[in-house]
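So that you can tell them apart, the chains are marked A, B, C, D, E and F in the order they are listed, and the count of residues begins at 1 in each.
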Amino acid sequence: MMEMKRFAELNREQLRELAPTSLAVLPIGATEQHGPHLATGMDYFTVESIALEAGEIASREIPLIVAPALPFGSSHHHLVFGGTLSLSTETYRRVLYELVECLVIDGFKRIFLLNGHGGNQELMQLAVRDIVLTHPVRAAAGSYWNIARQDLIDKAAADPSRLPGHAGEFETSVMLSLRPELVSKDLPHRDANPVRLPSTYRDERHGFWKDINGHTDSPDLADAARGANYRKVIAEAVAKAWVDYMNS
Amino acid sequence: MMEMKRFAELNREQLRELAPTSLAVLPIGATEQHGPHLATGMDYFTVESIALEAGEIASREIPLIVAPALPFGSSHHHLVFGGTLSLSTETYRRVLYELVECLVIDGFKRIFLLNGHGGNQELMQLAVRDIVLTHPVRAAAGSYWNIARQDLIDKAAADPSRLPGHAGEFETSVMLSLRPELVSKDLPHRDANPVRLPSTYRDERHGFWKDINGHTDSPDLADAARGANYRKVIAEAVAKAWVDYMNS
Amino acid sequence: MMEMKRFAELNREQLRELAPTSLAVLPIGATEQHGPHLATGMDYFTVESIALEAGEIASREIPLIVAPALPFGSSHHHLVFGGTLSLSTETYRRVLYELVECLVIDGFKRIFLLNGHGGNQELMQLAVRDIVLTHPVRAAAGSYWNIARQDLIDKAAADPSRLPGHAGEFETSVMLSLRPELVSKDLPHRDANPVRLPSTYRDERHGFWKDINGHTDSPDLADAARGANYRKVIAEAVAKAWVDYMNS
Amino acid sequence: MMEMKRFAELNREQLRELAPTSLAVLPIGATEQHGPHLATGMDYFTVESIALEAGEIASREIPLIVAPALPFGSSHHHLVFGGTLSLSTETYRRVLYELVECLVIDGFKRIFLLNGHGGNQELMQLAVRDIVLTHPVRAAAGSYWNIARQDLIDKAAADPSRLPGHAGEFETSVMLSLRPELVSKDLPHRDANPVRLPSTYRDERHGFWKDINGHTDSPDLADAARGANYRKVIAEAVAKAWVDYMNS
Amino acid sequence: MMEMKRFAELNREQLRELAPTSLAVLPIGATEQHGPHLATGMDYFTVESIALEAGEIASREIPLIVAPALPFGSSHHHLVFGGTLSLSTETYRRVLYELVECLVIDGFKRIFLLNGHGGNQELMQLAVRDIVLTHPVRAAAGSYWNIARQDLIDKAAADPSRLPGHAGEFETSVMLSLRPELVSKDLPHRDANPVRLPSTYRDERHGFWKDINGHTDSPDLADAARGANYRKVIAEAVAKAWVDYMNS
Amino acid sequence: MMEMKRFAELNREQLRELAPTSLAVLPIGATEQHGPHLATGMDYFTVESIALEAGEIASREIPLIVAPALPFGSSHHHLVFGGTLSLSTETYRRVLYELVECLVIDGFKRIFLLNGHGGNQELMQLAVRDIVLTHPVRAAAGSYWNIARQDLIDKAAADPSRLPGHAGEFETSVMLSLRPELVSKDLPHRDANPVRLPSTYRDERHGFWKDINGHTDSPDLADAARGANYRKVIAEAVAKAWVDYMNS
């Protein structure tokens, strides 16, 4: 049985030997406002912990190397609140493309961007589609809440209308389980239904995030035990996706 | 009852007067290989005709102005076949952002990018999310097959596994209805199931399009009457989306 | 005798066969304010119709394929009036270069950018000079009013001081012939001589276009019959230029 | 007495309150080949640990917030060995500038980039000089081995000719102290003197790093206890620099 | 009577006082192959000397400040011969725009780019058209051979088919007059007529400059006395253009 | 004994022959405010004269070709005073990289950027480190005051705290020797000690240059004879560095 490996803990000789047969995982997060109640590292901490937990599980079946998580994302829409470190659209596109290209140069043939922040979704997809234009590799990109969505609903009774939301019940529960000290005692309440984005097209409004105070549903619905379950289901779903990906 | 209007047919005085209360629609297409049997203008002709058909319908209820369709898309993955005119990822991002920004400068408060090519999806979403960061407007972006997906299945018996595909049964049927002379008599056959993309993450492989000869399912399943029905359902669904958008 | 062909109406197999021996024509236009009286699509409609008319004529002698016209140009100087869709200088340079590069990848050895908007002139020249640095092809770029200038004066009695101007007698006459319904009944009058740009260097002033209300001479001098003659002379001159180009 | 704070562990409300009076520290590292014997995360792990250790010390005297360490640097010169994740010169310049700009938007008036990788030095200096052109703030940038250089020589008997080197005695000692399990048992030996870069100008040769096998002096001179002392001296020197900076 | 002034010889106080009422002249040249017989600084030396000579004349009537000549141009088409220092299209566009922008920031209201190299023509025009979009100034750009063309023919019996050419009779005569020691004794001969570029559109061919050995007509027709006359006529024509420009 | 050669005075055939064995020197300067008393061309005139003087000396021992000096630098921090022509950070990086790349294409194997302006230091270092990534050459970059620093102190009694400063005693002395007519009679006095930048990290403040009136120490301490000595020592030190570089 293999052990999970981290890119930054291996030396160049080890990496050169392992790269051609291993799955390289690059977790990408964000450091940005998450309502008045959650630490700004939410997406960074979460995607890193999921990558490592899923990595532990998947490493029982496939060789896998987790790169250092990128703590920053494409979060300019949150800058209006302060508490945000974001890269612009074009810069983030370049960053993701270049990191994936380095993994190719380093010898990896299969690469997976694991995403923890909604604002990164389009840009990570561009990185993987563009890298295969000129390099004979496979590259994939997925957000953990999409990979695990069905399982979250089926196995963890997650409310689909709050999946993943931003700084709402789902994320607050995850953080209560992962690092409870980073959740404010004072959880905002909201009577209204969760903010729902149109499902068939993208609709963007100036001032949207300000209008909803930076969170999409009612954080006070969060629960640590439920969050722990979410995390368990997510790690298993992501691990399964990676194993299936390497076997496909 | 209002009449559908085209941006390029109006003069500046008319546009300046209409812009603040009208929906601006910018159709974006592609000119690219569509298998050995379909004209390369497939996505351009289709998105333009849908925009005009949906525009006719929606104009009964809302003021709406259709800009000239952009005939080119982000199609570098098809260049390997020839017969393709594509803009690079970064250039296309700039093009879409700048055209939307001009619409804002021209006075429009609501803008809708209607897309006819899969490769444009991420980039049009970036354009609309980025424009609202600094401009007090609303902007939306949708691909016609996503807007109409449920209706295509429910009302036109479309096979979900072929929606929209690329140069397969769905697109070939649409073209047989729209401009039959641009469809080769000799339609390729394929026994295998439609190529299915993973639903929970993005998976990209070097050589993918070559391996499937540039079409995702069996074009010889196409039918002109079915295509006509597809187009009717799509135009109605898109028109409804626009009306709802203006009323939201 | 050959028939004129359109890129977007051919499939990839036809294009791959025809490209090496055909002239690829890429019409580039603009959608921008054209005074208070002309539709904003003036340059787009005109260059597209000239490309097709000249294409019909030239196709009797040379193999020729017309790509879809680009409806947008480099028109930031007109944005102050509204009614304008423009790409920035650097973006437009990239767009033209990349489209020409795609034509090279598609197999064409001779490429001609036919231009319908003054603001595109420098940028199209940069595209063709830069493409031949690294690709073993020939590429040309011309504005229709320059190609046909002498003929317009000699055969159509055009006033050289109004050739082409912007939204003045010349363009208004062309539009009255091409699509009269897109010309306002109320044509502006101006007593002054046509605005003349210095012939030996380029002189640019902030506010220039506002000062002349967006048209360079007196539109009420326009005449539909004269416009029809202009168009006939232009189509013939452009067709002749293409035939000579392919035979050179 | 104040407690050291981490940006990612604070919520937006806390950050908005603390920013105007706190020093923001952004550690920037690298993930790159460090000889055949050191883990590729050397510069990332080191700069992060120094930032936190110095942060603990300095927080006794000044309010200070440490942002998440950037794990990637400008390391294209190491890609030839594999085992490297690097951003290109222009991309890295943009990344550093934009992160500093976000800190300004977030309300910080004093910003310090703490660097752990030689290849980042010029780029971080450009970021801080450029930000103050348009923003009324102070911004500083320093590499830990420069800030602590005199103290390393005076208090830790460091050999100036090996300070910092790359993957030589100095860095290997630091890693033996920080995370000994990430140092190969088999430390390379080199008889020659340390590679010395000319002190009065920059001299670059193609193939330089390959020629010296990716390390600048003899790693087998390293010693864990000496490394621990290095780290102690560095943390104190960096902390002192920050305190002085805030008091200046 | 005013004296000609050079930007680099004035201090900031003098420049701040003179800028608002003076014409700023920025000469732009090139350092590039000029056949086997002419020094590569041809365009740089020429444009600088013309700027200073014309500046002397014009300064009798208008306040005028000549900036340092830019020795480099957009000359990638000459790199195939060696002996060339060139900036790429996009970089040169940025350089010219930014230098003009600095002149605006420095307080100048009228700016004239005087050009000595054909490859710079489109790019200098873009710089002046773009600067006036956002700055309330006037900016002009002209190549000396165009400004003086009619005078060269009328007053110096220049052969229009060789005006200006590249490294042919015209330029060789100019250099024989300006710095004869930089002209090889061995002047190439060519029987053929001068290479003529199509007058109504731009025609570019890969390999063009190699095919004509880097010069457009027969250098051995050059004559130092004729060159001196050319220079005299050019300086007067350029001076007159500047005086007229300031008085317009 | 060899004679110093200038790139712009040689023709392409001479350059092609000399390039592979010669050192190419590219002097880079600036045109920017230098206090109320010095001509804005200070750094341009100085670096050019040093390059030529050092070139004369070094040419006795090594083959050496001096390219035209670039009169412009990265000086945006001085624009607030007017009297400045500057290129932005990214543009200047491109300019230096591209000029070095042309020298490589022209056949040079050893390239030296000689710098005369502090703001160019980081950018020239990036140019030389990046060029050797992909080209099999050596490239160096140095500022004359660093190359000659020890000699200036030892042989010319220069005050280290004023080396080089900006528009202070050192530069004013140099200019009094080089071109005294470009120094104002009225030299500013300052009682305070020279402004000293922190030696172990980079510290940048908004408004810094305004606060010190654009000069770092007391210009009225300048002396022409001392300046002549500075220049002599600098030329010899730079020449020696070049000779050693070619022999290393």
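Heads up, the rule we're going with is that contacts are C-beta pairs under 8 Å (C-beta built on N, C-alpha and C of every residue); 3 or more make two chains touch, one makes a residue touch a chain.
Computed from a prediction, not measured in an experiment: that's the story for all the values here.
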Spelling it out: a chain qualifies if it touches chain D and also touches chain E; which chains qualify?
F
Neighbouring chains common to chain A and chain E, by label
none
Going by average Cα coordinates, which chain is farthest removed from chain A?
E
Expressed in ° and rounded to a multiple of 5, what is the rotation angle of the C-alpha superposition of chain D on chain F?
180
How many angstrom lie between the centres of chain C and chain D, each centre taken as the mean Cα position?
56
Where the centres are mean C-alpha positions, what is the separation of chain E from chain F, in Å?
27
What's the distance between the Cα centroids of chain A and chain C, rounded to whole Å?
49
So which bits of chain B are touching at least two other chains?
none
Graph class of chain-chain contacts, one of line, ring, star, complete, other
ring
Check: ring from chain B, direction chain C, yields B, C, E, F, D, A
How about chain B: which of its residues touch chain C in the complex?
6-16, 19, 31, 33-41, 44-45, 67-72, 79, 81-88, 91, 94-95, 98-99, 102-103, 105-107, 182, 184, 214
Please name which positions on chain B make contact with chain A in the complex.
76-77, 89-90, 93, 119, 122-126, 128-133, 135-143, 146-147, 149-150, 200-208, 241, 245
